[in-house]
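As written, the chain order gives the labels A, B, C and D, with residue 1 at the start of each chain.
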Amino acid sequence: MRDIHAMSPERGRMRLRSVGVSGIRKPLTVQRPEGTHTLAVTFHVSVDLPSERKGSDLSRNAEILAEAVDETTTRPVEGLESACSAIARELLVRHPYATEASVEASAEYFLRKGVSEEKRSFEDYTLIAEAHASRGPEGLVALARAVGAEAVGMTACPCAMETCRDRLTREFPMLASPELKDLPMITHNQRNHTRLVFEIPDASDVEVDDLIAAIESAQSSPTYAILKRGDEAQVVLDAHRHPKFVEDVLRDLLAGLPGRFPDVPDATTVRASTVSEESIHKFNVEASHQVTFGELRRSRGR
Amino acid sequence: MRDIHAMSPERGRMRLRSVGVSGIRKPLTVQRPEGTHTLAVTFHVSVDLPSERKGSDLSRNAEILAEAVDETTTRPVEGLESACSAIARELLVRHPYATEASVEASAEYFLRKGVSEEKRSFEDYTLIAEAHASRGPEGLVALARAVGAEAVGMTACPCAMETCRDRLTREFPMLASPELKDLPMITHNQRNHTRLVFEIPDASDVEVDDLIAAIESAQSSPTYAILKRGDEAQVVLDAHRHPKFVEDVLRDLLAGLPGRFPDVPDATTVRASTVSEESIHKFNVEASHQVTFGELRRSRGR
Amino acid sequence: MRDIHAMSPERGRMRLRSVGVSGIRKPLTVQRPEGTHTLAVTFHVSVDLPSERKGSDLSRNAEILAEAVDETTTRPVEGLESACSAIARELLVRHPYATEASVEASAEYFLRKGVSEEKRSFEDYTLIAEAHASRGPEGLVALARAVGAEAVGMTACPCAMETCRDRLTREFPMLASPELKDLPMITHNQRNHTRLVFEIPDASDVEVDDLIAAIESAQSSPTYAILKRGDEAQVVLDAHRHPKFVEDVLRDLLAGLPGRFPDVPDATTVRASTVSEESIHKFNVEASHQVTFGELRRSRGR
Amino acid sequence: MRDIHAMSPERGRMRLRSVGVSGIRKPLTVQRPEGTHTLAVTFHVSVDLPSERKGSDLSRNAEILAEAVDETTTRPVEGLESACSAIARELLVRHPYATEASVEASAEYFLRKGVSEEKRSFEDYTLIAEAHASRGPEGLVALARAVGAEAVGMTACPCAMETCRDRLTREFPMLASPELKDLPMITHNQRNHTRLVFEIPDASDVEVDDLIAAIESAQSSPTYAILKRGDEAQVVLDAHRHPKFVEDVLRDLLAGLPGRFPDVPDATTVRASTVSEESIHKFNVEASHQVTFGELRRSRGR
């Protein structure tokens, strides 16, 4: 029987950048200081394909995932990122004709948080991990990897707050009184999704909980499942005392990174993006940026 | 060659309630007073299947849609709802073994709206239409139909507004002054999706623009694409002067229907639902109800 | 400070059928014979709202979920269905003004399966559970519950198989030879999603793994992550030896239930639906039915 | 009243790459030789933001879209791509502080197609257009643009076809007969989504219908809404006579481009990707590539 994959392509004998499987779901068991977690992960794994080969042996991708991921139910791994790195390396081993291997993974992640200790509840976040393995001239494999997170929080618009203050002061002249100078004003607020990914050149470790903390501190306020009346007022007040455009969320997030992550090397690239689902519009407002830790450190203080 | 569909089922010789095609997209051209519109419609059409028949002739469903919908590019129809009714009747003609035929359709719909005449812009809504045809004892076909719409607007929470007022008054005692009694207070606001569907027993007509107007008047405020600074303040102010729970949106919507639709018969069933994408939570808040126009009319005034 | 929720509604003083929270994600830890699993569950929980009350105390819903679900990390529960029943009962306790409480839950679920023992891998399924609690005249709470599953498999069309056989026999007369009578013929095949839900009147237990097995046996073939070349041929061959319309999947599934679930009471209602994402069309083909176990048992043998 | 957007950012005084609005839906009326079409378009429009400015004037983006798109109901434009170019240029005019402006648009598109002239029906496709305007040193604006399409068709796996032939020949030795050498064998087939985008450096025109034709000719077979029995056999047969991996779809598509588009300049970059929703797996198989027309032309013949 002929090996159809190993045959030459009939037409278009060119190398293809990426061939793989996507949307494959797997439970990954992770060992954490406080116990084991199971993450339900969506994987996209792929390799390049040389010009002389008709097909990529995709069943090997499913086998690698079964070995690297399914087996964690009995042998938990350190984290999603380390699993991705191991999978990327293994892809090059089992696709000997390939020179590039990519793994992209995302998973829902629960953290217990709350406005106060006794009102903590599981809040859901998204974890992101990527690994890219390249086969070099003498068979040496170089590994690039990324780790990230996405958190949902809240923003309050600083512009509408200003125009509402102006307009209400005409209607309620008492608002001009110095005693009410710091009274928080009405504005529109929205559900905000912010994503932060670090492309880390070496083996430095980044804790995803720290990424989530960085994001939540840059939004107008984090949000919580359990909010009794007083708590709700507190969250609303916090958000209105930190009114932010998506531009502010992004800059505050980026400006705070050097202080929060002193050990991350300068060569690390940061990808950050934020989306506010506007309450006063039917569409969203977005901002995104990409910058290195070195650039962030040099621009600090400005 | 055997007609596989017309054969007897090998197992489970029972009548099936519904067999059909879903997710089929078609452009429907509609004649309106101001010109023709093209709606991109998603159809789900189905019939029942008698116990003695293995399969439903599904290619007929695609043919009916091609005739009833594709042809509207040259012969526009009156509306989405009348197209659904025609399709439902035709389903029974071409599936002579069927006694029930259902058509569900939804389409995006654009209306030019704005905070003022010169700031109008196309806003997007969803149209809903359903038709159900039943073959009666002497071959007479009874038709039940529904028409509906969904609109996205804004809500402002009345509860957080009260707790924020209470809390801020302690911090800013001047807020207790009678002059500031009507000062709108901060709260959280959210993107709200509200849906209204009328199941109309006879040929009475309902204008979808009137359904959309009813929904938008029940939300804390409609939302718009074009909002210059002063407009934004106006929309925020309107929303905060009409703070509403989803419960309020639903009740205000339903309570207003008898006045807005005096000609809709008592036997008409109303299905209404509303979802607020909370800005202070990562989840949504919902309310839904079902009631007849007769019940709404009798409960009026309470 | 006024309790805004407990106030009377300003307009539309009518009882509302359902007010609650949706899209809330929670990790539920389940104790199974082989160990604990964590399910990432999407919950929709709601209660009715009496006419004299403006708002439902929705923060209680989040508290109940935090107690009933978050706590399972240390005290695992028996299953998703029992968690839903407990939540439905608790909703009536904490919403004393409500008479109806509903819980709908769905979760991804992984099972290790394979074409053979050594090629097993985690395959993903969907679990469904519902519970509805009603407060009766003397405060007695009646509980209705449902448990279900959805599985993705494969179908092969029996009609195109017949027309292809007819057509190919004209081109290849040797196909008419009796030796090739059972040769499986080409047709189109598709990814199929089938859902099976039991509405169980009492405390009888149903194993979701049995629901999944029932679904997979009714599709043309189950599908697997790991398929080496010979396995792939086996799955393709199995599917083509069991060509099925969606109608056949549904009837075979329903007809097999009395034999697979001898202990499920006659009063149990079965809801079954199946969707094939057609490979020869851009749209889907669907069938659905609803029937009681009693009806299925009486119609057996036909 | 202060202009909040024009203020300096409090923290993170850095230029941001992209700030804009996304998910905004608009009806665009296009003049075609055969009449006017209305496309329902999703736009993402953005500009960069200099370091000294707190916010981007996002209401201008909505105004530009209202002028450039809403007005096409009375003054149709040539195409989605030309509308995007005009919007990108106008973004730089109205955001004088910006140096980069991006527009990404996608729209559903209907074309009448069929297995034969009398069985034509509207089939749905996706159009893609992008425009990127850059302000150069002397205020000159450079424009880069892209145009693309996505089509859904069908693939049949060549590998499973080979393994099934091998296996069935052992069971049915007559299959080894030379008369049956070309008999199409069973395999698995799937719904395939293929996307083709041209990044065109100058004003050369590309017809989207030609992009769609290129994609459909590279899949195992196009798919259609109306397929009577004989037609269904024809499509199945065509697909099985052109079995293709996603790798083959991609290479056949790319290899055919120089012949189909002789006038597209060498500097044009082609982005192509294809996804097959596997019927024998619960996940998808994907391939993607990026190459210039110059490279495609030079590699031709190989």
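Here is the rule we go by: a contact is a pair of C-beta atoms (placed from the backbone, for glycine too) under 8 Å apart; a residue touches a chain by one contact, two chains touch by 3 or more.
What you are looking at is a predicted structure, and each value in this text was computed from that prediction instead of being measured.
> B-D versus C-D: which interface comes out with more C-beta contact pairs?
Between the two chain pairs, C-D has more contacting C-beta pairs.
> What is the chain whose Cα centre is as far as it gets from that of chain B?
The most distant chain relative to chain B turns out to be A.
> Using mean CA coordinates as chain centres, what's the gap between chain B and chain C in Å?
That gives a centre separation of 27 Å.
> Between chain B and chain D, tell me the centre distance in angstrom, where each centre is the average of that chain's C-alpha atoms.
Result: the chain centres lie 31 Å from each other.
> Compute the distance, rounded to whole Å, between the mean C-alpha positions of chain C and chain D.
35
> Where does chain B touch two or more other chains at once, residue-wise?
24-25, 62, 124, 159, 163, 166, 225, 227, 229, 232, 281-283, in rising order.
> Per the contact definition, I'd like the list of chain A residues that touch chain C in the complex.
It comes out as residues 24-27, 37-38, 40, 59, 62-63, 65-66, 69-70, 108, 110, 112, 120-122, 124, 225-229, 232.
> Please give the residue numbers of chain B that touch chain A in the complex, ascending.
Its residues touching chain A are 123-124, 152, 154, 157, 159-160, 163-164, 166-168, 172, 174-175, 177, 179-180, 183-191, 221, 223-225, 227, 229-230, 232-233, 235-237, 239-240, 277-283.
> What part of chain B is in contact with chain C in the complex they form?
Residues of chain B touching chain C: 1-2, 4-5, 9-14, 16-25, 44, 46, 49, 51, 54-56, 58, 62, 158-159, 162-163, 166, 245-248, 250-256, 275, 281-291, 299, 302.
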